[in-house]
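Right after this note come the structures.
In the two complexes that follow, subunit A is the common piece, with subunit B as its partner first and subunit C second.
What follows is the complex of A and B.
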């Protein structure tokens, strides 16, 4: 073991430079008045928490929570039956169909977002192709559809991997004990796939909560999300404007990070067997 | 005459073109402990799954209580199964596992508690209710599986090699307990095993199967003492099997000698198989014996010695409490009533 340790050095160095140091900077910025360009006092302060009272931020948090929640719910409602169906197929067919869900993830996310942009634009090439003219760009619906399409595989995959491993004997045992199809599902299959559902929810909820390119493009910036707030706060600083915007951006970032970690810990608590992806 | 509870008639079943059961006919009486016995792959589990409703026969009918149930789903049959690998629900504790069937049938809460606790007491798992099934030993899990089935008071309990995963001591204990339970509960047990000793110990009736066919149905004494053919004789207990010829009624010839026997009804000079159980040979002084040989090996087996005697190049297995030394010249005798003559069977 010890001799293998040095092979981990590149990764540890990478993590230190690009994860640990930025996190420390984030921490530092969040709790001080230090400004990137102006310098300033190093005083420790909680004053930046005021940002969470700003109407724009409150709206963004509301939007984010609502949209991420709706996305997760939709992904679950669409994804669970898909995973259930795939798990019933012969293993090979199931794996092939599953990979059809995964392959699109290899294409650039921005590309997929631009594609949705065209779909939601009236009289685009999508209209030429299908005859459908959809005018949804800039609406919450457009963001929701885009996010569901983007994150659906992350819901399907963990649920599928749990269901695929589910012992068919348990289903037979339940049927033997008098359960009909609905009861088998509610009392055996669903409870036993709860770990997968939890992974799926987290893997959908977290990126949906923090996404900013997708709402910016499909929502045309009309529906600000928390990610957009962070982006604009930090961009303002980069563009030279002052105020305390970088500190505020840092604090919002940090808060999201803490929330993610808390959710992750909760998930691993419930999923002790580690049977799912997390 | 006991009442017939289950009738299988003309059952045929193939998987991917391979015949698993062919022309399978069997009737099972009420309160009977019946065992399907055969080597793995003989179709005994398939037969059980057809009774349980997990497989549909390609042809033939399954009747329970005189009613044809071919189209009934497993959950609509008054049958419960104790599965080979138990199939306990990992997300439920012992109590909830046992209560599963009662909850499905919406039995009143207080009644559920009463019956589950009563059943847990019966399988000697009192106080184990709140335990997670993963913390139980194999024997305990097995008992939960039985409790989960019998708490529903089924007419029939199907058991698919339920003791296969247990060690010898526990297996013998459970054999006794299962038999006891069957007697007290008055439930028909249909038991599947490949262990002939288990079958002999517990069953009221044994169905010996091979390659999807029934070779013999009878009490344990019947199939042991009067095996119908070479396969049954070989599968149940140890046997010396000789090819012989039936000279006339009560006279059979094998190994170049003629022996008196108690069998009759064969054609003159009909080729037959002759079975002599290892414990049925007696040692006699070589001068008085028809069969004389030399002791080739001797193994102490606890209750008896297993002695192999070579007679004219052929090995005879003998179980006896008397000991001999390797190399001894011994004479063997067998009582005419212990020579069992069987028809040659094409299926065996």
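What follows is the complex of A and C.
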């Protein structure tokens, strides 16, 4: 092991420069009134927390939690049966169907968002094809459908990888001992796949919580999410706020990071071996 | 620790070697699809240089890039109010017009020149393109053309919600539209006027808040009308004509509106001043200015180019909306104002979006 350690140096250096240092800067900006671009003297302060009282930020947090929660729930309800079905197929068929889920991920996410935007337009190519007009742009439904389409594969993969490795002998044993289908599923299969479910939930929940392009385009900017607040704070409001908006954006970003870390720790506690986490 | 240091040095040395091996570089920061790349290539060939071109989507992004200093730029093309702020922050430098011989051969259109002759940034810019703020609407909606023409700005502020209206998701533009609706100045700092603007924006309860997405929403039928820049209209108009689609939309410019002006500046931190001036002067050569303005399709700031584009049969820019400042119209140009005002604008937009 010792001899291998030096091969990790590039990685460690990379992490230090591009992850640890930026996080420290984020931390510093969140708790100080330091003006990133103007420099000068600064003091540590908790004043930036006032941002969490702003109506738009509160709305955004509410929207984010509700939409990310709904997305995750929908992905689970759709994704679990899919993963279960795929895991029962012969290996080759399963792999082919699985790759059908992966291939869309290779296309640019923005393109997929714009495609949904076209579908949700009153007079779209979809209308020409089917005669149905879906005028959903600007609604939470549109965002939800878009997010589920975007993040569903991330729910399916980890569940599938757990189910695929599941020891069939355990299922047969349960049946031999008289369990019916429902009992086999609820008391054997599902508990054994819980680690995968948890990974799936994290893999879906976190990107859904932080997305900002998708809600801006499919929600027509009417449904602000927390990602939009960060974008606005760091990209749009910088000059007008004597730099303060950067500190506010940093604090909101940091809060999301803390939330992610908490969720991650919960997940690793639950899934000690950590082997299902992608 | 030593190893890490060595590795860093090795990487740094590698990067420096890469950077040094080639020709002089000119770093340009501009808007997306806002220059004829053929001209850039010709410039590169003529002077045997590399132009590193970076595109951004907003003035704020441009300013953030200049302010952060993460990389230096030799040329930047911001708009009026942002130039105002960049001058105040000393992020751009005054131009030496003696180094731009071609500039003397062109005449800035007098009505445009009058708009910024008193501005503190007058000597920092070479104008690049200009246009108006106006209303893009769907001509297939019965009665909408008449409604927009008679109501003017009020068409964007109808609390009854007869039409699906889109508003620019930019504090300065949204508030300017509301101020114009009441007949106030776009640069108003009067608290009462700004409060009225906020109420109007809140009451309008927009169907969509967007940026360059608004134009396609109007054309796609999601929106009936929206606040847009003239550039949004021209690019869609050109696209429709090129693709042989029917033009189902039009652009209305109320008598009093804002004029935007994008202009070339040289950042204070520019590294290659000689090359920067060469580039600007290259773009100012009459033939090049004409080719570039024809490519981007917005009104050119120079009278000679404008006249050719509107009268010469090869160009035919005779669109009613092409002249951003026709006789009889009133035009206002943004000033940055104070940081406090900019912050107030952000707050107004936040309130309007929160409903």
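Following the convention adopted for this analysis, the second predicted complex is superposed on the first by the 253 of 278 C-alpha atoms of A that agree within 3 Å, B and C clash if a C-alpha of one lies under 4 Å from a C-alpha of the other, contacts with A are read in each partner's own complex, and residues count from 1 in each chain.
By our rule, contacts are C-beta pairs under 8 Å (C-beta built on N, C-alpha and C of every residue); 3 or more make two chains touch, one makes a residue touch a chain.
Only a predicted model underlies this, so the values are computations on that prediction, with no experimental measurement involved.
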item	value
Subunit B versus subunit C as contact partner of A:192, first or second or both or neither	first
Contacts of A:176 with subunit B and subunit C, given as first, second, both or neither	first
Partner chain in contact with A:167 - subunit B first, subunit C second, else both or neither	first
Between subunit B and subunit C, more extensive residue contact with subunit A	C
First (subunit B), second (subunit C), both or neither touched by A:217	second
Touched partner set for A:59, first subunit B, second subunit C, both or neither	second
Interfacial residue positions of subunit C with respect to subunit A in the complex	3-4, 7-8, 58, 60-61, 63-64, 67-68, 82, 85, 166, 169-171, 206-210, 213, 217, 220-222, 339, 341-343, 345-346, 350-351, 353-354
Subunit A-touching residues of subunit B, taken from the complex the two chains share	52, 54, 73-75, 79-81, 83, 85, 87-91, 100-101, 103-105, 148-149, 152
Interfacial residue positions of subunit A with respect to subunit B in the complex	167, 169-170, 172-180, 183, 187-188, 191-192, 194
Residues of subunit A that touch subunit C when the two form their complex	6, 9-10, 12-13, 36-37, 54-56, 59, 117-118, 121-124, 135, 137-138, 216-217, 220-222, 224, 235-242, 245
